[in-house]
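Chain naming follows the written order as A, B and C, and within any one chain the residues start at number 1.
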Amino acid sequence: MHLNRFILSIGAGVGIMGATACQRRQPASGVVHLRAWTMWGGDEAEAFQVVVDEFNRTHPHIQVHNLPAVEDTKIIRAIVANDPPEIFTLRDPGYLGSLAGNGALLCLDDLFKQSGLRESDYAPGSLSQCRYNGKLYAMIYLMDCFALLWNKDAFRDVGLDPERPPKTLSELLDYARKLTRRDSNGRIVRIGMMPPDPLIIISAFGGQFIDPKTGMPTADHPRNIEALEWYRRLIEVQGSPEEVNAFQAGFGQEMGINNPFLVGKVAMMINGQWNPYWFQRYGPKVRYGAAPIPYPDHYPEQKIPTWLGGNIFCIPVNCKYPKQAWEFLRWTQTVDAQVLFASTMHGVPNILEARKERSLREGEPWKRAFAVFMDVANSPNARHFPPTPITGLYQYEIYNAADFVRYGTKTPAQALRDVQKRVYREMLFWRRSGHAPKTA
Amino acid sequence: MRQRQRDLQGWLFVSPWLIGFFLFTLYPILASLYYSFCDYRVLTPPKWVGLANYAALLTDRDYFLPSLWNTLFMLIELPLALIIGLTMALLLNHKIPGIGIFRTIYYLPSIMPVVAVAVLWLWVLNPQYGLLNAVLTPLLAPFGLQPPGWLADPKWAKPAFIMMDLWAVGGSVVIYLASLQNVPAHLYEAAEIDGAGSWHKTLHVTLPMISPVIFYNLIMGVIWTFQYFTQTFIMTQGGPQNSTLFYALYLFYNAFRDFRMGRACAMAWILFILTLIATLIVFRTSARWVYYEGERN
Amino acid sequence: MAPETMTTKRQMAPWRHSRVWRRRIAVTAVYLILIALSISFLAPFAMMVSTSLKTEDRIFTETIEWIPNPVRWQNYADALQSFPFLLYLRNTLFVCALVVVGTVLSSALPAYGFARLRWKGRDTLFLIMLATIMLPAQVTMLPVFVMFRTIGWTGTYLPLVVPPFFGSAFAIFLLRQFFLTIPQELSDAARIDGCSEWRIFWQIIVPLSVPALATVALFAFIGAWTDFINPLVYLTDETTYTLAVGLQTFVGRHSSEWNLLMAAATVVTLPLMVVFFLTQRLFIEGITLTGIKG
C-alpha cells in the first residue's frame, strides 16, 4: 500500500508546463494541434498512444499530442496561469468536484446533446462520475471495477472447495481466518484476505457518503459504521493490527512478479479488472478465480456490489479549441475506440455495446476472468464516490478513520462521527462561499 | 572615510542581493501574506476574510496542532546532528592517506537523488525484510525483544525519520571541514606548550574558532526542520495515524488537495513567525558562545 | 588536529619514541572508526547499486541479497535508453555552470558587506535576508510562477539561471560567517595603506577564503544538479530537460521497474561523486596564499 501510494504521489508538488508547445502549433495550415496531458506512464502510456495514433490517423485535421505521466497539481497550475492543455485526465477523479465547482471545466451538456450520444448507451455509474451539480463536466473513457479474486491452490490447501468462493461477508471472514497461515515462530506467512479499501466495503454494505437530497455529507451513516466494524473484525481474525501491518509492509509491487497475490502471501483480495492480465503476464502458473464481491448477510438487496472508478477526461473552460477537443472525446465513445483501448489498457468499456464485444471476453484464458469483471460492472449495486468539492479531504478522512479503527484507537462510530464533523463543516464552508452543489 | 560614505559602500556591496530581493522575492512574499487573510480557492479570485484562517487553524486540534507538534518533535534532531557532524568532521580532518575516499562516502547521502533515497530507506526500514531489522533482530533476541515496526508503527515513525536525516549529515560536515582549515596552527602550538591534551585543545581552541559555522548550521537546522516535507510526502503521506503529518505536509494538503490556499498561506506565516522567534533566540544567545576573530575589536 | 613533525628513530630521545607510537595508535583508531561508520553510510548506496544490477525477480527477496545473481548490466543500457542521457547531461552542465558562477560572485559581495563593513541598517537587513528563507516554498510557488509567466520567462532557462546572479541567502549567510573569522588587522592595515574596500575584498579576503568559496560553489553545483522541481516547473520542451527532471519523469513512466530506476539514479549520482572526490581537497584543505593560516 505504501509503495503504491508513493508511486501515485511522485512528481506531485511539481510545477507546470508553459506556453512553448502553444507556439509550436501552426493553425495557418488548417490542422489543429491539441495537447493532451495524461496520467499514464510506462506500458499504460503506450496503450494510450495506440489510441491517440488511431485518432490522429482517422482525423487528419486534428492532431492530438500526448504528454504522459502528468500529475494533477501540474494541471491545476496550468489552469491558474491561464495556459492549460486542451484535454487532460484526472488521476484523482475526486478533483472533478473541486474543478467543476470553481468553474474551471467546460460544461459538456450541449456538446453531448448535439453529438447524438444517448444516456441509454452508457453503463451504470459511468456518466454519473462525470456529473457535478447535475451538469456534465467530463467524459469517461473506460472504467475500473472491483471483484473478489482468490487463489485456488490456497483454498485446496486448507480444505476449502476451490471452485466455491465466499458469497457473504461473514463467510469471507470465516475463510480469511482459515486461510491465514503462520510459521513455526508464529509469524504470519500468508494472510487470508488482503485488507480492502474501506470505501469499497462501505459501498458493499450499502453505505452512503452524501445524502442525495441535501447534498451534504453523511459520514456517520449507520451502514458506514457497520462496514468499518466488519473491517476491524477482518483484521482481527487474521492477527493483531501490528502484525498484519508489518506483514503488508513487506509486499512487493503489484505490477510485477512480486505481486503478493501471485507469490502466495495473500489468498484472497478485492481488486480491479486489470489484474487478470497482470496475472497472466507475471504469474501464469497461479490458479485463481474471480467472482462478485461478497455481500452483507442481512442486506441481500446488496448482492453483487462493486466499486467503480474511471478515466476522466476534461476540457478546461478557457480551452482554445473546445470543438476539436470535444471531437476527440466524442470519438472515444465509439464502440471501436472503446474496444481498442480496452484491449490494450484492460479497462472496462463504459459503453454497454462495447462490453458485449467477444474479442474482450474470449481468446486468452485470462479474458474469462476479465469477463467476470465486465458483468459485475453491470450490477445495479455498482457505485462510486459522488463528485463533491471536498472529495480529496473526505476520502483522506475515511482512510484515516479506517486506520484508527484498525488499531483500535477509536471505535467505528467514534471515528466516523469525527469524520462527519469535519467534512460537514468543510461542505458548509463551500456552500457559503457559493461553490458547493445544491444536490449530490 | 566619512560614515556616510561607509554606509553607501555597505549598501553597494549588498546591492546584488537587494535588487534580486525587490525583483523576485518581495512580490511572492507579499502575495502570500495577502492570501493568508483571504479565502482563496486557487481557481477563483481571493476574497478577504480577515483573521478567519488563523482562528480556524489555531483551534484545530485534529490536524493543525498535531502537525505542529510533529514538526517541533523533529527539533530533537538538531543537537544530535550537531554532535555527530562535529565528531565526524574532526575525524575526517586527519590528512591520512585515503581520507578523500572516506569523505566522499560520508557525503554520498547528500548527493543521492531524493527519489532513490526514499525507496531505499523504505526497504531498509521494512519491518519484516529490511536491512535494519535484519541486523537488530539477532541483537535484541537474547533480551526477548523485537525490533520496532519503524514506519509502520506510530511510535517509531518519527524516530525513523530522524535516523534518516542523521544519515545525511555529510552536508554540514563539509562546512565544518572547510572551517577547520581556518583555525590558525599557532593557537594549537601555544596550547600544546601550555600542556594541553587533545581534548583540551578541541574544547578551547577548535570549537571556539569554528563557532561561527556551528552557528550557521544551527540556524539552518532550525529553518530546515520547520520546513521538513519531501521525505514524508513520498514515504508515509502523514501516516500511520497522523504520526508523520508534519507541518509542511499539512500545509501542502491544504493548498493542493483541499484547494484552501488562503489557509495554507496562513499556516506559512505562522510558521514564519515561529521560525523567526527561534532564530532570534539563537541569535541572542550567540553573543555568549560564538567567537568571531574578525570582530575582536 | 595539528600535523606533527616526524623525526627519525636515531635522533629520538626515549620519550619521543612513545609519541610516535601514540600517533600510530591514534591513526589506526581513526581508520577503524571511519571504516565502521562507512558501513552504515554506504549501505543504502550499496543497495542502490546492487539493485541496479538485479533482474526483476530478485529485487524483493526474503533475505537481502547484496550480490546480484545473475548480474544484469543490461539494466543500465535500458535505463539510459529511456531518456537522452547525454543531452540531459549537457543541459545540466550548462545550468550548473551558470548557477555556480552566479551564486559565488553575487553572494560573496553581499557577504563582505555584512561581515567586514559597518554601516547603518546592516544587521536589520541581514535579518530580513534570513527571513526570506523562513517562508515555505509551497505558498510562494504559485505567485512566483505567475510572476515569471507574466514576464514571459516560462519555457526558458531564465527562471533557473538568472536569480542565482542576485545572491543566495544561504550562501551569503555562510560566507558572512567565514569572512567574520578573518582578523580585522588585515583589513585595517590595508585601509591605512589607502586600499579601497573593493581591493581589500579581492586581494585579501577572497584569497583567504578559498575553502569557503569552494564550499559554496560545491553546494551550488550540487543543488543545481539535483534540483528537479524548478526545471520541471519552468521547462516545457523535453529536449531542454536536465538529468534530475529526466530521473523524475523516469519514475513516473516506469514506476514498477526498481532495478532500472536504481540504475538511472546511480548514473545520475556518479558524476557528483567524482566531482566531489576530485575537488574535496581543494575546498577542505584549500590554497592559502599568506603565512598566517596553518
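Following the convention adopted for this analysis, a residue touches a chain if its C-beta (ideal position, glycine included) is under 8 Å from a C-beta of that chain, and two chains touch if they have at least 3 such contacts.
Just so it is clear, the model here is predicted, and its values are computed rather than measured.
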(request) Would you mind checking the shortest number of contact hops between chain B and chain C? (result) 1
(request) May I ask which two chains are joined by the most contacting C-beta pairs? (result) B-C
(message) Mean of the CA atoms for each chain, then the mean for all of them together: which chain is nearest?
(response) B
(message) Just the number, please: Cα centre separation of chain B and chain C in whole Å.
(response) 16
(request) Mind checking the centre-to-centre distance between chain A and chain B? Centres are C-alpha means, answer in whole Å. (result) 38
(request) Would you mind pulling out the distance in Å between where the CA atoms of chain A average out and where those of chain C do? (result) 42
(message) If I count partner chains per residue in chain A, which residues reach a count of at least 2?
(response) 10, 13, 80
(request) Check each residue of chain B and list the ones that touch at least two other chains. (result) 42, 115, 119, 129, 252, 256
(message) Quick check on chain C: which residues sit in contact with 2+ other chains?
(response) 60, 138, 142, 248, 251, 258
(request) Over in the complex, which chain C residues touch chain B? Could you list them? (result) 1-3, 27, 30-31, 33-34, 37-38, 40-45, 47-48, 60-64, 106-107, 109-110, 112-122, 125, 129-140, 142-144, 147, 163, 165-167, 169-170, 172-174, 177-184, 197, 201, 211-212, 214-215, 218-219, 222, 225-226, 244, 247-248, 251, 258, 261-262, 265, 268-269, 272-273, 276-277, 280-281, 283-286, 288, 292-294
(message) Give the list of chain A residues in touch with chain C in this complex.
(response) 7, 10-11, 13-21, 41-42, 45, 68-69, 71, 77, 80-81, 83, 252-258
(request) Would you mind writing out the residues of chain B in touch with chain C in their complex? (result) 3, 6-21, 23-25, 27-29, 31-32, 35, 42, 88, 90-96, 100-117, 119-121, 123-124, 129, 131, 134, 167, 170-171, 174-175, 177-179, 181-186, 188-189, 192, 198, 201, 209, 212-213, 215-216, 219-220, 223, 226-227, 229, 248, 251-252, 255-256, 261, 264-265, 268-269, 271-272, 275-276, 279, 292-297
(message) Touching residues of chain C toward chain A in the complex: what are they?
(response) 56-57, 59-60, 138, 141-142, 145-146, 149, 154-155, 228-230, 232-234, 236-237, 248-249, 251-258
(request) Within their complex, state which residues of chain A touch chain B. (result) 2-3, 5-6, 9-10, 12-13, 73, 76, 79-80, 98-99, 102-104, 242, 245-247, 249-250, 389-390, 392-393, 396, 400, 403-404, 407, 409, 418, 422, 426, 433, 435
